[in-house]
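Order of writing sets the chain letters: A, B, C, D, E and F. Residues in each chain are counted from 1.
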Amino acid sequence: MTLTHFDAEGHAHMVDVSDKAVTDRIAVAESFVRMRPETLALVTEGRARKGDVLGVARIAGIMAAKKTSDLIPLCHPLPITKVSIDLVPDERLPGVRITATVRTTGQTGVEMEALTAASVCALTVYDMLKAAEKSMDIGGLRVVLKDGGKSGRYEASSEG
Amino acid sequence: MTLTHFDAEGHAHMVDVSDKAVTDRIAVAESFVRMRPETLALVTEGRARKGDVLGVARIAGIMAAKKTSDLIPLCHPLPITKVSIDLVPDERLPGVRITATVRTTGQTGVEMEALTAASVCALTVYDMLKAAEKSMDIGGLRVVLKDGGKSGRYEASSEG
Amino acid sequence: MTLTHFDAEGHAHMVDVSDKAVTDRIAVAESFVRMRPETLALVTEGRARKGDVLGVARIAGIMAAKKTSDLIPLCHPLPITKVSIDLVPDERLPGVRITATVRTTGQTGVEMEALTAASVCALTVYDMLKAAEKSMDIGGLRVVLKDGGKSGRYEASSEG
Amino acid sequence: MTLTHFDAEGHAHMVDVSDKAVTDRIAVAESFVRMRPETLALVTEGRARKGDVLGVARIAGIMAAKKTSDLIPLCHPLPITKVSIDLVPDERLPGVRITATVRTTGQTGVEMEALTAASVCALTVYDMLKAAEKSMDIGGLRVVLKDGGKSGRYEASSEG
Amino acid sequence: MTLTHFDAEGHAHMVDVSDKAVTDRIAVAESFVRMRPETLALVTEGRARKGDVLGVARIAGIMAAKKTSDLIPLCHPLPITKVSIDLVPDERLPGVRITATVRTTGQTGVEMEALTAASVCALTVYDMLKAAEKSMDIGGLRVVLKDGGKSGRYEASSEG
Amino acid sequence: MTLTHFDAEGHAHMVDVSDKAVTDRIAVAESFVRMRPETLALVTEGRARKGDVLGVARIAGIMAAKKTSDLIPLCHPLPITKVSIDLVPDERLPGVRITATVRTTGQTGVEMEALTAASVCALTVYDMLKAAEKSMDIGGLRVVLKDGGKSGRYEASSEG
């Protein structure tokens, strides 16, 4: 197997997608920010009273989806048609679970956009809580659904 | 405890650091991209022959460190004085381990820059390998060292 | 009435436009920079001799139109097909009147692009004249025409 | 009087500030978005239930302050040390009043940063409400306070 | 002859391409970085052992192609579908020869994207070698092929 | 000799400049756009009547200087304190000669900023004239002066 992002001589290039069909495409990615229970309490209390951590992180993730091709060197620029991000506090983690959904009508898939949105969203949660806890970690970043385009539908196994 | 990124009314703001000292600051963050052994083999073989996945991801991570304040809404712009990124294939993971080091001479810490570098570096590894495997996941993103500035030295516990 | 930029739970999202038709769209926005007569005289004299304030501001406005989706969080990126900006000194204001016209062939309207162009154009006029007068103000920023797309033609009433 | 942004031949340039002192500087700018009472009601109700228009606009304004030198051609890049934005519904307008405060420790003033923040914040309010009303207008954008640096303190007269 | 980038009054504008056909378009541009033989030796040796100057410059050029409409004021944003860059050490120059190829399916040509890629690629080669030699120069930047769209095929004469 | 942009293992990094002195630094770079005499005539006539090619290109070059660290992967972000660009029609070339001057008070030199400004300025001249002539070429891009900082003054020999 060879990697499509390199030519026959091993030089990186942005793959030619000129001949790919313009189709509706969707991708969903997820990630989490794990923290101490008392840090998570700041998030859940804050929603009501002291400041909306999740609301700020959601906006950061949506804006990051639009910067994906500026961040990932060999990624094609795409006319994104939808971005939504769910952030759910989860006391069993404990922490915040993030799910980003991105759609386009274009020539390549949007899994990098969904992953970038979920990633920057998680980084923003970290930024807003880091004065309270430095030992948070971000993980579980993966594609859970990808559809549209020639390669067909991909769904992650549930074990995650 | 209250979160510094919100004012008394719960409105998000960029915290005033005008009165903080300009000092040398350093932060180190790490992350990993986990993949199947045969996907990792494409990385390690590629370094020699077919294309330098890790070299491209390193450049992406370095450039992303410079975009941090553009991505994270309440992050201060900083004159970064150094960025370096180590990428090490690890067959036990199996996958690639990433460590990003960022320095500045400024008024706030650079842990968000180090985390952003490690994060975008991992996303770029994913992008270059996704044709081979969609089930990779990115995790273990955390600050392992932070020093300089008023809050003193922080080192993560080794358990990770 | 509910706002389209929020979902049923009140979370902000970038609205799905995947199913909207790709049509020719146009928007025209206007604004003004109001200043003292002697400041306006610097602009009108400058065009001939000392420096083209309006020429620089026009370029800034055109470039800003292309950054709209980077500035406005929930705005869709669009392939802009035309931007033009008129700047007219008006002694009765006194000041400079700005009209920005933007076209696209896409799935959403371009009124935010026209407003952003008119806005940054006005800010640039302010920037170049601020050493002469700090008390200038910018106002009258509004959409005067929007056409193409499902919601039909909109024209502002003339009273402004 | 000549404009500092042009040289003796009338060519635009970014003024040399190498010899200016590094001092604490502050600027405050204000603007408003005027709308129908029923549109304003969507904002005030939404804060509680359906979506936080003002919270999203605040984040957009803060992020825009950091992009000022990228938008305004002859503006110097500056290490911003604080940004805060107040948004207040005003039923007498009727509409939303915006006040942006920016600080830096640098060689030039930050009035363009404050104006840009107030401007993009207002544009974002417009974007989120435009499905309800196209006839909103943005105005009253001006500097109300500027301090620090050689030119001393400036305060706008109250008449606005 | 008049220049299309100006209207009848001599004001710059972004030309209206709304009515141009969406077609496959390609452009190829070339440039070179000329240096002393001993500097070139650092490049060619480095590929094997000490660091891949050409690999880093290739990534910089590819990413720059995506920023073209952000850099060139009157350039239209375009959905780039392919970028590749060849860098060849040439001992007769002596130096490095660069060829950038860009494709799109859009309404305007991509020669500015190819020229920008070749240009930033050359600047990056300079940056990485400037500690060894300050007297390098960059030249020969020109379009060698342009095809697709109404104006037909253009090929540069071979004399260069 | 080894290249400073690579570590002992040959991995690219952004060099640590934390310990370098903050000093006044200046760099001057030049380039040219060569064209047919009749194309140059469009430029020189246009200044007076049909559109200011050189004025637009000057703004593009100034703005590009501020984007240098975003374009060149291993370049440090710097607080630029001055940018000016001279554009002179030269009938002997025939074409336009460009000289860019950049200053900073920082920890690294600004030759990449001056080269980037001269380069994007030349690309913009090309863009505005390409409808008249596709065979223009850009060359002679080099540093002519660099001063400030530990490595001392560098002046290019006059032969160019």
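Couple of notes before you dig in:
As a working rule, contacts are C-beta pairs under 8 Å (C-beta built on N, C-alpha and C of every residue); 3 or more make two chains touch, one makes a residue touch a chain.
By chain, with names taken from UniProt: A, B, C, D, E, F = Cyclic pyranopterin monophosphate synthase.
Nothing here was measured: the structure is a model prediction, and the numbers come from that model.
The fewest steps needed to get from chain A to chain D, moving only between touching chains, is 1. Steps from chain E to chain F, minimised over paths through touching chains, total 1.
At the interface between chain D and chain F, under half of the residue numbers appear on both sides, which makes the contact a different-residue one.
The chain pair from A-E, C-F or E-F that repeats the A-D interface, sharing more than half of its contact pairs by residue number, is C-F. Across the two interfaces under comparison, C-D and B-F, the one joined by more C-beta contacts turns out to be C-D.
Chain B and chain C have Cα centroids separated by 37 Å.
Computed from the mean C-alpha positions, the centre of chain B lies at a distance of 31 Å from the centre of chain E. Counting partners per residue, chain A has 11-12, 52, 55-56, 59-60, 63, 67, 70, 73-74, 79 as the residues that reach two or more other chains. According to the touch criterion at the top of this document, the contacting chain pairs are A-B, A-C, A-D, A-E, B-D, B-E, B-F, C-D, C-E, C-F, D-F, E-F. By the touch criterion stated above, chain A contacts chain D in their complex at residues 52, 55-56, 59-60, 63. On chain C, the positions that touch chain D within their shared complex are 1-6, 10-12, 31, 42, 46, 49-53, 56, 59-60, 63-64, 67, 70-75, 111-112, 115-116, 119-120, 122-124, 126-132, 134-143, 146, 154, 156-157, 160. By the touch criterion given at the top, residues 24, 55, 58-59, 62-63, 65-67, 79-86, 103-105 of chain B touch chain F in their complex. Touching chain B in their complex are the following residues of chain F: 7, 11-18, 69-70, 73-74, 76-79, 106-107.
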